[in-house]
């Protein structure tokens, strides 16, 4: 059995099912693009385990609190891990996380984006450890995110050679 | 003759001329940076075929409509293809699209960035097909873009080996 | 002695000390992530030579002027060079700059982000020359940056092979 999947189970974490898009929405691009050893992850938002968009939605600092946003970043990690598992077959194929770009949908005056995106980083480091899981990171405030999601993260990894 | 250029011609698409910068503006960086097999594309905005900045400019959801912004994203694809052709000599050298980061200049309340950036993705997939043209993608809302352009896209590709 | 460090000294430039985080803040990610030949740089803001956050902070076009922001972008280059030197041991190991993503904390109506980020690009090109120092670049307006910093830049480089 997959070592990474076992560690996730031990931590009570489950990769999310594929995103259920709102009716009428089609996305003409892949969630994960593999080019040679490189694995590029499209911007993901927070979903429930069944792939439905997580609530609450809105701007952090207004409709969404810091703690809710931090939880949304954890859910975003599980959404990304779900996409990676579907694309790669086995999360053990991941050799290293490289980069994560953390975007927070902010209300005026909110600037604690690092606290929010830590929810994502903590999941990745808990599951993969520092040697594989560490990633260069930015955590910044956006004027808007699709479907009013509070957090969106894009990432890059490399496969084990 | 270039296979990709022929397909563009068949689709009625023409790569744009180099951007005519507004007077007094100098940009101390290249539009395309090639490092080994990797091709990094600086943020491009929408231009007319002659390289002049396309109108209308402004925020999507206010001065610019969704349909105009979607067209701007198509023009941005042609601006990027123009820069790539000038740098690479021949678009057939492109082995794979890797990533596109789609930025939309949004007015408060507008969050249909994926619909806007689909204008870009559709051009790339029409011209290159899914195997080469697919790319990991984010489509997000910015507080401002240079010169008031409604759309800006940066991208990465790899050369055919 | 390092060729790059000598050139910096001749230009009167000094890499900054590590960022002194505000009390109570921990960042669970590395400032620089090296994966094979690739060097990914997390989002950095402007610091003084001793690693304290540079003033003024706030939005460009409101609390911070264009000239102050341009200087902040220069300081951000020195912060990044400090992180690179600590991680790599010697800046001469850098083979090429690849990409810089320049983010500006904007007040409504400000859109001269390229003028701001030129402060960064000019330092890099002055120190490394065009062949090594050139980079694909975007310069865009954000709704918020952490700690109210006016500028944040993430980057990618490759090591000399």
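A few points about this structure:
For clarity, chains are labelled A, B and C in written order, and residue numbers in each chain start from 1.
Convention: a contact is a pair of C-beta atoms (placed from the backbone, for glycine too) under 8 Å apart; a residue touches a chain by one contact, two chains touch by 3 or more.
As the structure is a computational prediction, the values presented were derived from the model and not from experiment.
Because contacts link each chain to all the remaining chains, their graph is best described as complete. The rotation that brings the Cα trace of chain B onto that of chain C spans 120°, given to the nearest 5.
In the contact between chain A and chain B, the residue numbers used by both copies make up under half of all numbers at that interface. Mean C-alpha positions place chain A and chain B at a centre distance of 26 Å. The set of chain C residues that touch two or more partner chains comprises 101, 142-143. Every residue of chain A that touches chain B in the complex is listed here, in rising order: 25, 27-33, 35-36, 38, 40-43, 101, 103, 142-148, 152, 154.
Per the touch definition, chain A reaches chain C in the complex via residues 96, 98-101, 104, 106, 110-114, 118, 121-122, 125, 134-143, 158.
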